[in-house]
Structures are given as structure tokens and as C-alpha cells.
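Take a look at the structure below.
Letters A, B, C and D mark the chains as written, and numbering starts fresh at 1 in each.
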Amino acid sequence: MSLKYLIKEAMLNLKRGGIASFVTISIITISLFILGLFFILTTNVRAIIEDLSSKVAIVAYLDNGLNKEEIDRLKKEVSKIKEVKHVSYISKEIAMERFKKDLGEGFTDIVETLDTNPLPASIEVKIKGSSFTQEEKERFLHLVAKIKGLVGVKEVDYGKEMIDILTKITEGLSLVIYVIGFLFSIGAVFIVSNTIRLAILSKKEEIEIMRLVGATPGFISTPYLLEGALQGLIGGILSMGLLFIIYKLILNRLIFILTYQFIFLPFTLILGLVIGSIIVGLLGSLLSLHYYLRGG
Amino acid sequence: MSLKYLIKEAMLNLKRGGIASFVTISIITISLFILGLFFILTTNVRAIIEDLSSKVAIVAYLDNGLNKEEIDRLKKEVSKIKEVKHVSYISKEIAMERFKKDLGEGFTDIVETLDTNPLPASIEVKIKGSSFTQEEKERFLHLVAKIKGLVGVKEVDYGKEMIDILTKITEGLSLVIYVIGFLFSIGAVFIVSNTIRLAILSKKEEIEIMRLVGATPGFISTPYLLEGALQGLIGGILSMGLLFIIYKLILNRLIFILTYQFIFLPFTLILGLVIGSIIVGLLGSLLSLHYYLRGG
Amino acid sequence: MIQMYGVSKIYNSEIKALQGINLSIERGEFVCLVGPSGAGKTTMLRLITGFEKSTSGAIYVDGHDMNYISKREISLLRRKMGFVFQDFKLIKTKTVFENIAFVLKVIGVKEQEIKRRVADVLNLVELLNKSSSFPHQLSCGEQQRVAIARALVNNPVLLLADEPTGNLDLDIAKEIIYLLLQANERNTTVILATHNNHLATTLKKRIIYLDKGKIGS
Amino acid sequence: MIQMYGVSKIYNSEIKALQGINLSIERGEFVCLVGPSGAGKTTMLRLITGFEKSTSGAIYVDGHDMNYISKREISLLRRKMGFVFQDFKLIKTKTVFENIAFVLKVIGVKEQEIKRRVADVLNLVELLNKSSSFPHQLSCGEQQRVAIARALVNNPVLLLADEPTGNLDLDIAKEIIYLLLQANERNTTVILATHNNHLATTLKKRIIYLDKGKIGS
């Protein structure tokens, strides 16, 4: 049984399957499309959270009366830490400006009655964006402690509540995405394998005849398995194509409304989906063939 | 053609369909299950956003030197506004406490050097929670203006940025959920109708024979349509059952980790899914039957 | 009952299954259609049932032009006919009883009468005991007899029997032919397609010879 | 070649298709299995092919106990057999050529030789021109001849022919029987099941009579 014969048989079966082949492939395509859509959704939700995480800043309030050199040295020192993306200095004056703005115009007069500026100068440290898993959070807290320990730093503020919320959202969403993503994947596997099973059900008679003329289960199965894999492959590729079209035509246009740039699936995930589809197609065939071929 | 005959035929077909019936119903069940799972996800995301929205508060800073009666009158006045859920008074002293806490312990000494308390007393107004659509946002701004206009209120603060972000998330998510939900629903319709189509494909011969002995397309179709509808119904019910089990067994247990109580689908949506499933089952049959019966 | 004027049937634009057939069969006639394998017998019966359209020429069945008949009319026409297909065409998912009863259900016969009439006709072909079997549980000859029973059950005006005794032993074959003759006596027009020239000649009825799609002698 | 000891086949625990059959067929024999419709002819052939297991009794085919044969052995055994099924059992999605070629592919014959041998055997049954047709594009008699061609193509040691001329006219039927006799002369054991007692007796070969599942005379 040559490979050439096998592939020829599989292609021929597919072609002669007519509407049934078409419908089967369509169902596979749509199942994977939906799975892919879900992954796009989660990929983007993750991206948004990471984006939010990247906005997290550590504010290091400085000791009163540091001179320019000391401040520059401190800035340089902080910049060298590998998690740090950006460092900027906020003088006492700028701090007061911001404070006034925060309070609202109605209170500027009150603040102006103060004869000294009680607000400290500070250094704002932006960190390299990544999602806040529990692990990341700990690394972050470590960083905070490090900055607090530097000479010239009096006090450190980092929006503890924000970090807590981000960590909770990240951890929670990951969990939900894993659980629901798992269920979705199982569902897709189920639909694809059973659709192929339904298609093979109609081949019962022809399989019986082949058995009758002395073909072994292996000889009979191989072209069908290949056909199943082929259907999986075609469905997989079509679904990714469809997904990309929908992404370009719809999701990516939501940008105007959302002011957020939707991202497509990473290549490895696309590859994984297509390969998964092939395997499931094969598996679906195997399952139903096993059923027919276990008898005499 | 009595209804009794029809239903009997449809049930009998289903029963004699054997594995094919079983596989068909399974695929329908899983498709709807996935759709339902997506709806649970979106329902809960909405619920979380609404929860966040309900935490929005308006802070009305008061004129200096209002006496107790004036403050009580103001509180009562604000409470009467129908969007308002809760009103609480924050005295100058409490405001200072909070300010100190916000600044961090390193600076308490600086604040203590102040001889007068420059911070105003305020009223904190919680509003009735609802998601921040553009429309809601406008209503909210209207409310803010109303409170600002009250006698004794000097200035109003309401976290403009937070409201903007919430509105954006609400509007953006609604859009994404509508678009992806729409695509998911289309996908489910497609899978269900095509699975039934695949099942009917294997009935080609039997339909031809019926035509040959003089049965009209209507007479032939009706039991198949009913069978399709029945498959839709069974699949619909099973999927909702499965969804509920998964909800109880998995999603609802995530509560311990997420400290968030997952909610199930609203009854109307469940009903809608099941009825939709029946209609799509019927439609799937109709489509394929039309194909076979349009010829002589 | 049946008129054909210059009827041809060409499959795949090259296989001439029938060529220039002119033919008239009167109401109440018993006609044997005789010819070797591949002569076009089945094709001719298919054209009469409207299962296929002729490539050229005109066919009239019971006054209907089969090239322009509507779907509705064709259904009504078929209800007055009975067919024994060469490959039986029994519905696999229905029992023997249900297969035969279906023909009566289509014309709206009452449940009670269906039971009686199906039993009667199964008795005629000696298969009353197989009433609740499915086609795949029957021997070939038994399937053929079910097909015959189904064709007879609605007392058709026109009966088309395609090789109805090919899988039957002589004794039962004779009985089946007798059933066809009986039906003919009740004024049913019968067309019996067979490759068995011997059978046809012993019947002493009108014989139409077909060979390579043409009427011969 | 074939031995049966007290073989019975009961369907659905009540339909006695075969009862207490004792039988021995030698290598190289030509045996006619004759009996009326429903006698159990097809059932007996099914037991010999291993397509069904007997309810009781022992069957040996070419030395294999058919009740305990493994799947692998049964495949190998069937490759040495040729079958003409009463309902033809052609693969609907394969052409005439492919249907016949499949039998040779199974035993690993080379592409070139497959072409030659399939052409040869199609020529014998006068269907060379239908080589690329699908089964549903053939007349019943033509399908039957394809089934015969498929049974002959691998020069089987054992040939089982179930009513192989039921849909054929006398001329072709004679040729087919001649082909079976020829195969028998090349030392193939042939079992010909038929309801046609006349045909069997003119062959002047061993006849086994079956009636209601029992061997008679």
C-alpha cells in the first residue's frame, strides 16, 4: 500500500463525498473559527490587562534638600534596575501644581494661603509592562522595597490597591480563560470528531464490502484516516483564513470606536489549532472506523 | 396526515437513526453548550462592570461653616434624588485623617505643622449601580450638575477619569460582546443546521423512494422537519442541563479563588437558546430537504 | 394509457439507452417488455414513472405530457400506479408492513383499512409472517415479493413490474405472474419487463421486443 | 474444502434459516445449491464467507474453523475466495474498474498487472465499455456481471456465486455459467446457489437441495 495510492484514495473519497464532504469541512471550519474567535478575545483581553499593568508607577518621595547631582545619581541608579522602563523627576513645584489641579479650582485660594510648600519632590518610576500574576506581584514588591532602600528616598508609594486589583483580575481572568478555554477546546474537539464520525457512518456499507473481499482493517482504515486528517487540515486552514478576514473586516475596525488596536492570534496558536484540527480529524475517523471494523 | 402520525414518525425516525441520531444530537448539544458558555462569560463580565459602576461616588465639598441643621437638610435633599442610593457626611476632621493616611506615614509631621485645617467637609453620594453606557453617563453628569447647584455645595468631584474609563469599557465591551456574540450565534446556527443536513443526506435514497410512490414533498418533509425540531429541542435542553452542571461543578466553585459569585444565564436567554435550537433544527432539515425535493 | 412519440434517452450525452421509440399501450392491456441485459427496459419504465425525463420525444401517461407535468400532478399520477423495481427500492428503515402501508398512507387510507389491506396483500405473496421484519432481514426473493405486494396494495390503474420474478423459484414465480394477470383482469394496465423470453411467450400477451434501445421484433 | 457438522443458523432467536446441516464439499468440486425463496441458500454462503457465525455446529473452510478464526486469518482466507453476492454489493463510490481492481490491490498486485487483469475479466463479461461507469449508471444485469467479474479476477480457490444469473437473459446467463465451469476446470471449487432447478439439472453436477433450512433431496 503505497503512500501515493493512499493520498490518491483520500483525495478521491473527499471529492466523491460531494455535499457530505463539503458540509463536514464547513462544520469543522466553523467550529475552529469559533474557537479561534474565543482565543482572539482572550488574547486581546490579556493584552489590555498588560497595557493597564504597564501604566503602574512607583513614586519615590525624596528627602528634602537634595541637590541636583544627588537627584541625578538617584535617577541613574534607579534606571539601572532591569525591571524599570522609565524614570522621571517631579520637583516640589510641579507636585504643588498637580495637587492644586487635583483639588479643583474652588480651593486654590486655600492652598495659596500656605507660606511653605509642604509637598516633597519625587521620582516617578514606570516599570516594564507584564501581567500581574501573583509571582509578578511579588517581584514588583521586591522592586518597591529596593527603591525604598536607596539613599535619598524617604517614602515610596505605588498604589497598593491598584496592584491588588490588577493581580486579582489577572489571576481571576487567567483562571476563567483557562477553564472556559478548556471547555471550548473540548467542545471543538467533540464537534469535529463527531462530524467526521457522522460522515463515516454513511460509509458503513462500503466498509463492509471491503471487509468481505479480504481487505484488512488497516488497509481499509488508512485512506479514511487520511481523509479525516485532510478534512481537518482543510477545515483548519479555512477557519484561520476566515478568522483573519473577520479580524480585518470587523474586529480591526472596532479600533475607531474602542481606540484599542485589536491583535490577531500569535502564529504558534494558529499552527497549534491547525495541527490540532488534523489530529482530531484523524481521531474522529479512527473512532468510528474502530466501531465498524472491530466485527468480523 | 394527523399530528399523531407525524409525531410518531418523527420519534420512530429518531429512534431508528441509532448512532447517527445520537451523534447529531450530541453535536447540537455541544454547539449550544459552547454558545451558552460564552453567554455566561459575557453575562458575568457585565455583572462585574455593573458592580464596579455601583462603586462610583460623587463627592460634594461643602461651604465652610455650615451648621448641623444645614448639613442635615442638604443630606435629606440629596437623598431624595431618585438615582441616589446612599449619602454620607465627611467632616473636616475625617477628611484630614484620610489625607494623612493617603500621604503615608513619612509626612504626618509636615501636615501637623499646619495651624489650620485647610480641607473642606464633604458629602459622599453613592449612586444606584448600572452599567455606564454613553446614555447613563449623560444622566450621571446631569446628576452631578444638580448636586453642584444645591445651596451649601461649593465644589463637586466625581472621578471624571474613572467615569470616562468605565464608559469606554462598557461601550467597548458591549460592542465586542455584540460582535463576537453575533459571530458565535451565527456559528452555532451554522453547525446545528449543517449537522442536521449531514444527517438528512443519508436519507436521500429513502426520500427518493417516497417520491416514487407518490408522496408529495410536503408529506415527506413534515416528519423530517419535526425530527429536526425534536433534535433541536433535545439538544437544546441537554445543553442547558450540561451548562448548569458545569456551572455548579466548576464555575461556581471558582468563587473561592475569585471572591466573585458567578451568575447563571437569565431564564429568558435559556428559553431563547432552546427555542432557537428548535427553529434551527427545523431550518436545517428544511434546507436539505428542499435540496432533495426540488427535483421531480 | 401510454403513448410515446420518437422517445430517446441518452445518458451522459453518449449512452443511448433508448432511441426513437414509438409506442402505444391501451388501457387494460397486458404488455411484456422483453430484451437482453442493457436493452433499455428499466429506462423505459423510468420514463413512464417520470423518475427521469426523456432526452427527446414526447411521452403521455394517462393523458399527462411527462415532459411538462408539475410536481403535484406527478405525485397524484404515481398514486394511481404500482411499481415493482428491479432493485426493489424498499425503505431500509421501515418494516415490511410500514413499507407497504406507506403507499396507502400517502393516499389517506384510514388506519384500520390499511391494516386489513396490507395483511391481505402480504398473504398473497406468502409473507404475512415477515410483516414486522426489516428489508435487510429478508432473503432477496422475499424482498422482491414485498416489492410486489407494495405495487399491488393500492389497486393501481397502471402496474409496472421490472423483472419481478428474477429472484424467485418457479413455483412462486408462477403465483406472482398469476397475481399480475388477476390485476389485469380487474382492468389494471400491466407492463411486465423481463429478460425471460420463454416466460413472455407462454403468457400469450402482447410482446414488445427491445434491443440496444430500439424496438425490434 | 468445506465441512459442516450439525450447523444451524437462527436469526432473532426464532427464525431458523438453517437447521442441522451436515455437508462436505471437496476441493475442485462444482456444487449447485438449489432451493426455493427463503430456503437458506444465501445464509449458507454467508456462513462459509465468515460474514456471519453459525448459531451451533462447526464449519471448516480450507481447514479453518470458522467459529474461532481470527480477523487476520479471515481476511487472508477471503482473498483466496471469490463472491458473487445476490445483491451484488458493489461499492457505490467506486467505478466498475475500481471495484474490481480493489480485490487485486488488497493482495498487492502491481498497478500494471491490475489494469491488464481487470480489462481481461471485463472483456469476459462484455462490459469493457462500462469500465469507468459507477454502479448506479448500470442496468441491473450489468451490475450483476460486474459482480461476477470481481469474483473471477483473483483466480479464486473457492468461488461462491449466489443467483448469479437472476438478472440476465438466457444468452448471457449461458456464458456466465460457462465461465464458472471454466474456472472449475482450472481447479476452482465452485458453489452455485440458485432457485432454478432446471439450470442445475442441465449442468449435470452435484446438487444439494435446501428447503426451509434443511437439506432435502
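Criterion: contacts are C-beta pairs under 8 Å (C-beta built on N, C-alpha and C of every residue); 3 or more make two chains touch, one makes a residue touch a chain.
Please read these numbers as outputs of a predicted model, since none were measured by experiment.
*Asks:* Chains in contact with subunit B and with subunit D: which ones?
*Replies:* In this structure, the chains that contact subunit D and also subunit B are A, C.
*Asks:* In the chain contact graph, what is the shortest path length, in steps, from subunit C to subunit D?
*Replies:* Minimal hop count between subunit C and subunit D: 1.
*Asks:* Counting only C-alpha atoms to place each centre, which chain is farthest from subunit D?
*Replies:* Centre of mass proxy via C-alpha means gives B as farthest from subunit D.
*Asks:* Round to the nearest whole Å and give the separation of the Cα centres of subunit A and subunit D.
*Replies:* Centre separation, subunit A to subunit D: 62 Å.
*Asks:* Please compute the C-alpha centroid of subunit A, do the same for subunit C, then give the distance between them in whole Å.
*Replies:* Centre separation, subunit A to subunit C: 66 Å.
*Asks:* Rounded to the nearest whole Å, what is the centre-to-centre distance of subunit A and subunit B, using the mean of the C-alpha atoms as each centre?
*Replies:* 22
*Asks:* So which stretches of subunit D touch two or more other chains?
*Replies:* Touching at least two other chains: none.
*Asks:* Touching two or more other chains, which residues of subunit B qualify?
*Replies:* none
*Asks:* For this assembly, give the contact graph shape among line, ring, star, complete and other.
*Replies:* Shape of the chain contacts: a ring, since each chain touches exactly two and the loop closes.
*Asks:* Can you identify all of the chain pairs that touch?
*Replies:* A-B, A-D, B-C, C-D
*Asks:* Which bits of subunit A are touching subunit B when the two form their complex?
*Replies:* Those in contact with subunit B are residues 19-20, 23-24, 26-27, 30-31, 33-34, 37-38, 41, 61, 104-107, 110-111, 113-114, 118, 120, 154-155, 157, 168, 171-172, 175-176, 179-180, 183-184, 187-188, 190-191, 194-195, 197-199, 201-202, 246, 250-251, 254, 257-260, 291.
*Asks:* Quick check on the complex: what are the subunit A residues that touch subunit D?
*Replies:* Going through subunit A, the ones touching subunit D are 1, 5, 13, 16-17, 205-206, 208-217, 219, 296.
*Asks:* Give the list of subunit C residues in touch with subunit D in this complex.
*Replies:* Answer in residue numbers: 11-12, 15, 35-38, 42, 86-87, 137, 139-142, 144-145, 163, 166-172, 195-198.
*Asks:* Could you pull out which subunit D residues touch subunit A in their complex?
*Replies:* It is residues 49-51, 53, 71-72, 74-81, 83, 85, 89-93, 102-103, 105-108, 150 of subunit D that touch subunit A.
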